[in-house]
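Attaching a single structure in structure tokens format; questions to follow.
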Amino acid sequence: MALLTGKEYVESLKEFSPEVYIRGERVEKVWDHPLLKQTINHIAAGYDFALDPEFKDRSAVRSRLTGEEVPRLQLHIQQSLEDVIIKAKLTRDVTGRRICAGCMSNMLSVTWAMIHDIDAAHGTDYFSRYREFIENLQRKGYMIAWGMMDPKGDRSLPPSGQKQPTDLRIVKRRPDGIMVRGAKVHTTYGPAAHQVVVVPCRALGERDKDFAVSFALPVDAKGLKMIARPSPGPTHDVQMESPLTSKYMGVEAMTIFDDVFVPEERIFMCGEWDKALSLPLYFSSLHRQSKCACSAGHTDLLIGTAALAAEVNGLGMKVGHIRDKITEMMMAAETAFGCSLGAALEGKIHGSGVFLPDAPIANSGLNYIRSRMGVHLGYIHDIAGGLISTMPTEADWNHPELRGYIERGLRGSPGYTTEERLRVMNLAQDLAASRLTGTLLGFTMNAAGSPVTNGIVVRNLYDLKKRIQIAKEIAGLSTMPF
Amino acid sequence: MALLTGKEYVESLKEFSPEVYIRGERVEKVWDHPLLKQTINHIAAGYDFALDPEFKDRSAVRSRLTGEEVPRLQLHIQQSLEDVIIKAKLTRDVTGRRICAGCMSNMLSVTWAMIHDIDAAHGTDYFSRYREFIENLQRKGYMIAWGMMDPKGDRSLPPSGQKQPTDLRIVKRRPDGIMVRGAKVHTTYGPAAHQVVVVPCRALGERDKDFAVSFALPVDAKGLKMIARPSPGPTHDVQMESPLTSKYMGVEAMTIFDDVFVPEERIFMCGEWDKALSLPLYFSSLHRQSKCACSAGHTDLLIGTAALAAEVNGLGMKVGHIRDKITEMMMAAETAFGCSLGAALEGKIHGSGVFLPDAPIANSGLNYIRSRMGVHLGYIHDIAGGLISTMPTEADWNHPELRGYIERGLRGSPGYTTEERLRVMNLAQDLAASRLTGTLLGFTMNAAGSPVTNGIVVRNLYDLKKRIQIAKEIAGLSTMPF
Amino acid sequence: MALLTGKEYVESLKEFSPEVYIRGERVEKVWDHPLLKQTINHIAAGYDFALDPEFKDRSAVRSRLTGEEVPRLQLHIQQSLEDVIIKAKLTRDVTGRRICAGCMSNMLSVTWAMIHDIDAAHGTDYFSRYREFIENLQRKGYMIAWGMMDPKGDRSLPPSGQKQPTDLRIVKRRPDGIMVRGAKVHTTYGPAAHQVVVVPCRALGERDKDFAVSFALPVDAKGLKMIARPSPGPTHDVQMESPLTSKYMGVEAMTIFDDVFVPEERIFMCGEWDKALSLPLYFSSLHRQSKCACSAGHTDLLIGTAALAAEVNGLGMKVGHIRDKITEMMMAAETAFGCSLGAALEGKIHGSGVFLPDAPIANSGLNYIRSRMGVHLGYIHDIAGGLISTMPTEADWNHPELRGYIERGLRGSPGYTTEERLRVMNLAQDLAASRLTGTLLGFTMNAAGSPVTNGIVVRNLYDLKKRIQIAKEIAGLSTMPF
Amino acid sequence: MALLTGKEYVESLKEFSPEVYIRGERVEKVWDHPLLKQTINHIAAGYDFALDPEFKDRSAVRSRLTGEEVPRLQLHIQQSLEDVIIKAKLTRDVTGRRICAGCMSNMLSVTWAMIHDIDAAHGTDYFSRYREFIENLQRKGYMIAWGMMDPKGDRSLPPSGQKQPTDLRIVKRRPDGIMVRGAKVHTTYGPAAHQVVVVPCRALGERDKDFAVSFALPVDAKGLKMIARPSPGPTHDVQMESPLTSKYMGVEAMTIFDDVFVPEERIFMCGEWDKALSLPLYFSSLHRQSKCACSAGHTDLLIGTAALAAEVNGLGMKVGHIRDKITEMMMAAETAFGCSLGAALEGKIHGSGVFLPDAPIANSGLNYIRSRMGVHLGYIHDIAGGLISTMPTEADWNHPELRGYIERGLRGSPGYTTEERLRVMNLAQDLAASRLTGTLLGFTMNAAGSPVTNGIVVRNLYDLKKRIQIAKEIAGLSTMPF
């Protein structure tokens, strides 16, 4: 049962009745709301991917916990070099087709490692609870929404130092559980998940101990509310105009915990502030190794689109500047992907059994591709041409009289019909001149942590002392005649 | 009468009844259509700008043709160093506030110079016609739509070599005028203009002589149709969510000439293919000098937004990476603007009286800022944070119950209310995570000609022979003992 | 007499007997020392430039002080827009031929402005002394060495906070003058000048007032010593191998003031610490406007060399990647030069009569070209090929038997002899694979102040408040209904 | 015997008497010539490295051919993933200390693979000869000089199309061997090797078949001459001033084959033009995977030097711009190294048993770090300061009187003596402001093939068709209603 089809996933949503809002209105049926259509479709595609004959030997994997197959990107605990390599390759495959691979398995894995650390340091027994939770999850084939990022309020102050706290925190400790209050932001796919898992997002001090909290809850737990922001796709039905975003991409949500009760058996961290840092630390290793591959996939998608756009325009790869720009994108994709693999190769197994790739390589490769995404989006405009910002819309094309004018006026290469050219221009538009453009930039910059944190991780882990020592030796400082 | 108010402009539109389509439907009243609202508003703002007491001494100018004041950016013929300097400064001022300055005066000026060239080479007398047309335009204070870019069809072939022609061309020569057929694309603001002026967009060969055509027509000339693509703003009323695009930015149109008659007195070029190149040549000088300033203004707008976003988040310029990224944007803006001024300083007066800035400097500065725009848009995400892609929408904020949760959850710096923070995040979103993002990239890459043409212009005009000669002298090639 | 020939300059050096050391040995005759050969030659070329018929109308200028002609780049006080434009163009011309234009006039001018500020603030009368000094200098046609940069010691502490001071300072005040002690570094051309002028290099606090000192002295003042570092050229005679550095480029010196007496009439600042900042401030405007042009000239030289190298290799500009890299260099040169002119255009006349260009534009343009120099040097290797690091030396070529092998083995394009090809490869080597390479990088990075100071200047002068205010207005913060 | 000490290597040179010239003079004793000192020392250090207790378990390896240990970087045939990973790590270690790791094993390996291809295609039996040659080489522990790059003459023409051929070619075929004539360039370390191995450097056509030649010869074969270019170090003895280049770095040579006879048993290719491409192809995979690690090591060396320079100046990593620039260098090093490992991971075993890393990843990572080297060299100037181009020389420091002035004048951080500071400044100077600077740029740009070839390799191997196909599917081109 662990491998649901997309359809079964949609059915399974009917078991839950979460309190979800979108554009100011309460969503009654998550599985059947026009503004959640792409979200549901995107997740369903992820389920089907694990059953896709072309990929199944890699996209599904037998869980060591349950012995049953699970969707690798969503529910597998990463435990070996092979795991993270396959994951990277699958991620690139999926993001090169529909932008987001929904790789929740990274989050499950880094939480696994953090909880292990807590028990080791504090003699607690959260791990067995979490393990049981994961087993259940894998058996059900459930989708997880991740509540990691706190809103942070005044960013110059710690959570406990805020005049009025914003971040998720424990407000009451009871024998059978805890009451929590506050918000988490950036809950990707939130309303369309079955379970919400919450973890800390940064290092905490002793005074912040009420903010050191991790737990799982069903998405319709009492007091839990989600305010969703529509996915970047169109609100009306335009499949030609928005070939990608009319079908795929998920909502983002703000998740409110309005005094929500968490039963003891679903609490995985409860005040152990000294281990909060473990989460972003392991995240910066495992998830950024994925993010390198993810960004490589985005670049692949831009490459294919750019090359096809050049072709339908009658130009193609033979035009020097087009060939050079596309080659540059290829090299950026390969560099990021190479770092994903290189980070895997230098990885190590954490005490908990989770495999953690080399953080400096993963963060460096990610930082590089990040710096290029905006440039590459500009290349799409450069290569596809001004038409992607100015051409008639799908409705014009469907207008019987106008179609003739457009048909004649916007012909491109004789190898393609005008409709084919328009379809390709629309794909370029959907990527580089639609709301998705901003989402892509946002994904690139902020998903998996902001660029500045890449530098911090690398700086902290690079062996600068050794390098300074070698420089001293060469300069002759150690053999000086004092 | 040459200085209309924005309101007078809207009134004046009622004199015309153009055949305009948008999203597949015929527009009855251009001045009162929901999808043209921002366009009309944007142009009206341009009219008001010429009357704005803060700017009027520069934004309005006395025409040497009529002796009356005209809006400088829209209707003035650029004739001096002072003209192009003031124009550059005004352009930066306007684009730093509402993205597009509508600087049609550049097009009027380069057409002025091209027509002068034609008469000089061919002994024709187009110039007096054009001059009269411009005088009339200035007296009426009319808005022009520019039909420059041909669709080009199969880009690997010349206009006359296409299997089925797409570009605008003369199909019949009559004693009293010509019949024209074909299309022009990228007609910015098209439906909201009073007159359409058409010019060639590239070098033409003798076989292309029917494509060497320039003329002016009222926007509602018989057979002239425009298919408009909505401006990047929202279709529903969300001023908080889209503070910029709910008010400003214009439609782009494809303009169809379905056997349109042009009377003799409005024809400015009719087959003189050898002078077609003059237009893009002068354009690459005068319009790109503006475009440097235009892009500097866009960057200014990103800078202000980024700095304000950092502030409402409780961070501000004291955070190293934020300060550095904003400083980098400042330097890019100043570099582009410096080149706009430097190009002006090295400019020359064309035989027609039009002032043409130095093309190598203008093209180099523009090429630089172009290469940074995608990066700078990424900085907005980096500095403002993930919230700009994930936060609740305006409708959520207006929901009485949800507002409380948002109010508490998304507080930022104590110096600002949550609403103020949200408004700023929404501005950042409107710039870097909305459909405008792609439009900005498109503007940067393709408006004023594509990046690859910058290099061509610089390469053609840079004195490489002299540089090679100096290298030969230093290397000693000229004094070798043979 | 103010326009000396190069020969007259060399003769004039015999009037002075400075205490100069080079490679650990005392230099007896500055005008006739093998390690100072290039320095003397370089300066002499600067004198001859002012008399060069091709340039004289610009390279010489009538001084407003003396009514006599002076070499513009060396001895003119910059007083108008025209001055700084001509200076920029001349600078690019000269640095495109022999790397350094010796533009001491900038230093004379910014010191002029600083002294004016001191008198205005303190009621002192340094200005008349300085004016008299300059008049004398212009009449004699003397060469100045500039002592601006202090060694700074522990850079984390101010001059007065050093455990043991290093910077130049007043150690005794006497009725007839002052005794000074300490060092100045980076005294370009020092040993080959007639006079040394000293100015402060940074903002000073009240405790640093003894470091706030400016004066002029003959180069052979008692107690003044210079330790010179040889120019980057070869020490043996290889004109083919090092076509540029065997002839040009100057020494750099460390200047020691070992209790040197400065007579009252040559003191221009004596403790007025609050005005020390004026010097680097004006310097960052006037000198960096020159530096933009200077770096453009360096880039021109690289361009000519690269294009010629490609040609002698049988490739030339028709090879795509070569053409693109050279075009990129052209655009960088034009951008920097455009900013030099643009900064001039936005400049203002200081109260002292000195013309100060716009600092944000000058600093932004400079920062840009700085970031490209290392890349462009790499392009020389890329375009000229590996030979510039591996080919036989001039002595091999002069060996009767070896020459035949080289002649046959290293033929390139049939349009050039092997010797011609080798000469060009040697020029490329002299620029990109010799000690000059590092000097060029050093010039680019550190001459005219370090890159980080560009950002500081721009950030301080950019009107960020206005930009934030506009963002607030657009976001709707000023009209919020509270 | 296969693991010689450095001393044994020097002794072994006495067995050979090659015809070597340097600066126009015949070298009598290679092992004892002042201009070859650094070369000999550098290679000797490579031999000692294989015996260094800290590295020996990796720097020496048991050969599968002889069963004896050999120095891994010099003489091992790369046959497994583990081989190329260890090689990459060792390479970074060595180049981070003395710039060049002398990794001839790559060349031995790719030649191994090419010869295998020849035999497979032509039924020849070169492979057994080559294998025997390698076994002998490994047993003797001999150093190889590689003759790969042909001078190419007029680069727009193929070798056989030159008016007067320059490249190495067969001029006579005899029963017992061949006579060869022509030149090879860039023979790194040439004069200090025992054997020369020659391979083709590019694709050849049928007419070029005489240029399709590969063989091995002792360095003192009759008619073989080498004209060496001194290594970038100083010619006089200055260990403080040039701490790196006074000790290390090798000569580059042009190798002349003046009708040299090659006996049958040392010929590995003789006219099989269709397999010439195999060499650069495999080279672009295996050697560029090393080159990524090599460039990472160079960057490590720059990082250590920059950080130490900042420290002795009293600044250190706490200064924002210094920290950021050093962090950027760290990320570049990690990115290139990550790609070296990632390329290894995606590698495959060639039919000959040689392990060939993934070329797109290796070429992409290399292309990236290449584009940064010039920038990073500029950072050394930026961080260390102007002193590295202007400070007194070692001879001044050794001058009893001058030392005092320098001692007092150039103090830096109180944690270091002036001498220590000078030593560090000199190291920075040796890297970024000496002739090594150009050599580093040359190494980065041209060693392992020029940058433009990176793009070609990636473009040829990237699966663009698949990407275009996916774009077509998304755009809806495959389901269109025709």
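Letters are used for the chains, namely A, B, C and D, taken in the order the chains are written, and counting of residues starts over at 1 for each.
Here is the rule we go by: contacts are C-beta pairs under 8 Å (C-beta built on N, C-alpha and C of every residue); 3 or more make two chains touch, one makes a residue touch a chain.
Everything numeric here is computed off the predicted structure, so don't read it as measured data.
A.B. asks: Could you classify the chain A-chain B contact as same or different, where same means more than half of all interface residue numbers appear on both copies?
C.D. replies: Both copies touch with mostly the same residues.
A.B. asks: Name the chain whose C-alpha centroid is farthest from the C-alpha centroid of chain A.
C.D. replies: Ranked by distance of C-alpha centres from chain A, the top chain is C.
A.B. asks: Go ahead and note the Å separation of the Cα centroids belonging to chain A and chain D.
C.D. replies: 41
A.B. asks: For chain A and chain B, let me know how many angstrom lie between their CA-based centres, rounded off.
C.D. replies: 37
A.B. asks: Let me have the rounded angstrom distance from the C-alpha centre of chain B over to the C-alpha centre of chain D, please.
C.D. replies: Measuring from centre to centre gives 51 Å for this pair.
A.B. asks: On chain B, where are the residues touching two or more other chains?
C.D. replies: 321, 324, in rising order.
A.B. asks: Show which residues of chain A lie in contact with chain B when the two form their complex.
C.D. replies: Counting only chain A, the residues touching chain B are 21, 23-25, 149, 151, 153-157, 162-164, 166, 182-183, 185-188, 225, 227, 229-230, 252-254, 256, 258, 313-315, 321, 370-371, 373-378, 381-382, 385-393, 395-399, 402, 405-406, 408-414, 429, 432-435, 437-439, 441-447, 450-452.
A.B. asks: Mind listing the chain B positions that touch chain C in their complex?
C.D. replies: Contacts found on chain B: 85, 96-97, 239-240, 243-244, 300-301, 303-305, 307-308, 311, 317, 323-324, 326-328, 330-335, 337-346, 358, 360-365, 367-368, 417, 419-420, 423-424, 426-427, 454-455, 458-459, 462, 464, 466-472, 474-477, 480.
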